[in-house]
Amino acid sequence: MQEHTEDRPTFTFQPSMEDHSEGDEKSIIVELVKVTKIYPPDVVALRNVSFTARKGEIVFLTGASGAGKTTLLKLLCRLERPTKGLIEIGGNDLNKLNSNATQKLRQRIGVAYQDFRLLPRQSVYQNIAMAMEVQFKNKKEIKQRVLELLEKLSLSEKIHKPAGKLSRGEQQRVAIARAAANVPPLILADEPTGNLDPQTTSQVMDLFHELNESGSAIIIATHDKSIYQGTHHQQFELQQGELQRVNS
Amino acid sequence: MRLLTFIFTQTGRNVLQSWGLQLMTLLTVTLSVLIFSFFYLIYVNMVQTGVRLGEELRLIVYLDSGLTADEQILFTKKVESFSKVDKVVFITPDEAFAQLRDQLGNDRDVLEDLDSSFLPYSVEIYPHKDLKNLSRIKDFSDYLENLPGTAKVQYGHGWVERFEYFTKLLRFIVIISGSLLILTTMFMVSNTLRLSLYARQKELKVLRYLGATNSYIKGPVLIEGFLLGFVGAGIGLLSLFSLFQWIKSHFAGPSLVNLFKLNFLPWSHCTAILLCSVLLCVLGSLLSIRKFLKI
Amino acid sequence: MQEHTEDRPTFTFQPSMEDHSEGDEKSIIVELVKVTKIYPPDVVALRNVSFTARKGEIVFLTGASGAGKTTLLKLLCRLERPTKGLIEIGGNDLNKLNSNATQKLRQRIGVAYQDFRLLPRQSVYQNIAMAMEVQFKNKKEIKQRVLELLEKLSLSEKIHKPAGKLSRGEQQRVAIARAAANVPPLILADEPTGNLDPQTTSQVMDLFHELNESGSAIIIATHDKSIYQGTHHQQFELQQGELQRVNS
Amino acid sequence: MRLLTFIFTQTGRNVLQSWGLQLMTLLTVTLSVLIFSFFYLIYVNMVQTGVRLGEELRLIVYLDSGLTADEQILFTKKVESFSKVDKVVFITPDEAFAQLRDQLGNDRDVLEDLDSSFLPYSVEIYPHKDLKNLSRIKDFSDYLENLPGTAKVQYGHGWVERFEYFTKLLRFIVIISGSLLILTTMFMVSNTLRLSLYARQKELKVLRYLGATNSYIKGPVLIEGFLLGFVGAGIGLLSLFSLFQWIKSHFAGPSLVNLFKLNFLPWSHCTAILLCSVLLCVLGSLLSIRKFLKI
């Protein structure tokens, strides 16, 4: 990685990074200030959303279908640009990133998309390994991590099957494994348990909690009450594009 | 270093994974180069044959029979000094007679029992290259006609006209079919690239989502483009060469060697074609993934 | 439709068709006898499954991720062929149908796929109308039915948007609307509420109940307890390819 | 009736929806037909010119000067009876002298003051078409040489050889480039069909899932294929015709009208090309969706 140090973005937070304050205020990882997103011509997906997530937090995002959850997550990994407002991740203003800096940022965000976005002809292994390959991790490390993740999500049997030939629930878990592969400082999971039965759901949540303990901030958009009810984690609700805090 | 290793691994993997498509693209490039260079070869040989034929063009001035030897030499000098003339040859009736016999070929029997005396003295004029054009030759001939001492100017009207017409037509046909082909070829290669793009756009998109840098994505595509252009053009040129050799050995007409001497494209042209192919393939490939670098 | 009467498959049950017995035994619509499905080379998705569904029933199919629910539904609409066993729909042996008869059969089964299978560039309207167009319904009828369905699923606003630009939950509802468009005698819904919030879920379930009352048999594969708990409907569970009845 | 209405609506919708792709496919077909028919046109004209040139071929037998008039007629009869001969013309020295003058063209001055008496009697023999082949002519000439009364047999060795060589080479080039082109064209059209398939396979699959019958899917594809082949070939042929007219008006060399008379393809050939194009497009389209009918 050393030859890349010079073009590494200023966004350099890492799970192992020490909190800069060590006080009761943890460092801010995601910050949205009055963000509005309008899909042309007139679909207002987000309206004046302000929102903060800190290092090591788990945040749940709920809301009716079409409320704007996916849009919010897409803004964070810069798949969409806000119409108005400021988005900062790890202190970097997303509006000011160039192409390569965006990619470096994305390497530090693990995303489990609602529609998975796997490569159907590639094997499960290859799909997960890809996320680590783009960061030039070495082969041994990749293999070890992939096997470990598949074990945790009970997918070991499917390792060499093409992703397109898995059941939807299996695909969903592969998408989650891919998001978690690099132990990134920020994980976005969009409806990660929509196709999963209760038992598999708890496996996935265990993985998230584990990642969280190792320092990752996790934002989960979900309709599944069972995964957030009765927890102490922050919970926000989107209502027709407007964000409201549910508990604290 | 790691980047390079990854890029090469990635390229190898891509080629192996979609070898069917890759082969098709390669075939497209090969065929295109073959067709293009085939036509270019025809064109080059046509031009060369034209030049060779043009070199045979000359005007003959028959001199007044009353001219003295000195006047004859003076006349020759005069024409020689004219800047648009390459070479002037003075011809005695004997030489002219011999020439005529050659010209008549198998008909030469008609000249038996005759001697050269009935032929006039004449001067053969080889005009300068830039004069080899129907209308200019005509003007030049008129000019010579008016020189004192000229009895008659003669040149192969029909031959020049025919030749002019024929090369014009042929050049025209070659140029039209050539442009049609180049159009088609470009269309074809870009189609094929689009096709292979379709097959891979999902992968490229996903790589971008995962944070692949520009060089990570460009690298393999660049190498593939290079290989495609190089191997494709190489095979195309080699096929053309074999084809050329075959035609040549098949059509080695000894009596015509001089007129229809076929030449292969010179090294420099082959290299240029190869380079162009590589350049176009690399550019095309890069262009085709450009939009993904914006994701 | 009259010129097609001759090549109409013998499978002609319709929602309005009278029960042939009128007794306590309703007519059988779906019958599986000892069906085994092995994906080559060695993935046993279903093992000796026998199962019956009758006219006007709602059947819930549950089971862990990868248990074989989708496979079972795919067998019913002949997207996959069984490795062993007999499948009859409306009295027709699926193994014996030719290409056109299969298509006629599919016209009588509405399927909401787990991965939706919408056309992303076509409008919502067009996506739903397509299902009716292949049956040569007339334009007016199509328009009326599509508007009605969109109304019920609160998608009226999105009618002219391309399906690819909807949120996942909206897409899921479009897929359900498409399955319901022809009021088919048999509806298969694969995880129909995986991307939906509780309120939208109940809209969808209302639609299903309505269809059921008008005579359609409905088979729903789901992980969502809220939609089947406390109902009197039949419920089956798949466990690693083996089917078990949960209640009666 | 409803099926038909639906099919036409569907076709219209498809064409409108993906007009970019449709236009591209159309252009491909047009270019292919244009290129193919262009080469075919060249080939046809070449063959015609060849035939015209071949018709000018003849052998000249110079008769022994000692032959009486009766013997001369007998000789002519003998040759005429030979089945491989089209026409035999008896030529007196006067006629031969006139011919020679024509042949010499501008050089005819050399014959001034001469009379025809130095020329022998001769017989011009126009061989049968199927004899117009270098080696056969040679054999025939040898045969004539040995006839009693023959002084000498003569024919345009050089001309026949040159002509043979040249047409052989040209035919070769046209055939090779033609096959290269047909190969390329087929490759191109199938590529383009594959490309448009990629864009639509999702739609076709979904239609199958929804229970669309074979005819519902085949109908629009068939009509599209038909329109594609018809319009494409039509435009291609029309372009060729304009091109042809232009070339012809541009190169109307009056002195050569006879030798290089250019003809457009006859109606029957145009129709055949059109039909082939339609057939290929329809077949190609049907083939490309065949796999979807199995879903």
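Labels for the chains are A, B, C and D, by order of writing; each one numbers its residues from 1.
Please note the rule applied: a residue touches a chain if its C-beta (ideal position, glycine included) is under 8 Å from a C-beta of that chain, and two chains touch if they have at least 3 such contacts.
Only a predicted model underlies this, so the values are computations on that prediction, with no experimental measurement involved.
Colleague: Out of curiosity, which chains are bumping into both chain C and chain D?
Modeller: Neighbours common to chain C and chain D are absent.
Colleague: Per the definition of touch at the top, where is the C-beta contact count highest among chain pairs?
Modeller: Per chain pair, the contact count peaks at B-D.
Colleague: Quick one: chain A and chain D, Cα centre-to-centre, how many Å?
Modeller: Inter-chain centre distance comes to 68 Å.
Colleague: In whole angstrom, how far does the Cα centroid of chain B sit from the Cα centroid of chain D?
Modeller: Computed value for the inter-centroid distance: 24 Å.
Colleague: What is the distance, in whole Å, between the centres of chain A and chain B, each centre taken as the mean of its C-alpha atoms?
Modeller: 62
Colleague: Using the touch definition from the top, which residues of chain D touch two or more other chains?
Modeller: Residues: none.
Colleague: Residues of chain C that touch two or more other chains: which are they?
Modeller: Residues of chain C touching two or more partner chains: there are none.
Colleague: What topology does the chain contact graph adopt: line, ring, star, complete, or other?
Modeller: The chain contacts form a single closed ring, each chain touching exactly two others.
Colleague: Kindly provide every pair of chains that touch.
Modeller: Touching chain pairs, listed by label, are A-B, A-C, B-D, C-D.
Colleague: Over in the complex, which chain B residues touch chain A? Could you list them?
Modeller: Residues 1-3, 6, 17, 202-203, 205-214, 216, 293-295.
Colleague: Show me the residue ranges of chain A that touch chain B in the complex, using the header's touch definition.
Modeller: Per the touch definition, chain A meets chain B at residues 1, 3, 77, 79, 99-100, 103-109, 111, 113, 117-119, 121-122, 130-131, 133-136, 178.
Colleague: Would you mind writing out the residues of chain D in touch with chain B in their complex?
Modeller: 24, 27-28, 31-32, 34-35, 38-39, 42, 62, 100, 103, 105-107, 109-110, 112-114, 118-119, 152, 154, 157-158, 161-162, 165-166, 168-169, 172-173, 176-177, 180-181, 183-185, 187-188, 191-192, 194-195, 198-199, 243, 247, 250-251, 253, 255-256, 259-260
Colleague: Could you please specify the touching residues of chain A with respect to chain C in the complex?
Modeller: Residue positions touching the partner: 39, 62-66, 70, 114-115, 165-170, 172-173, 191, 194-200, 223, 225.
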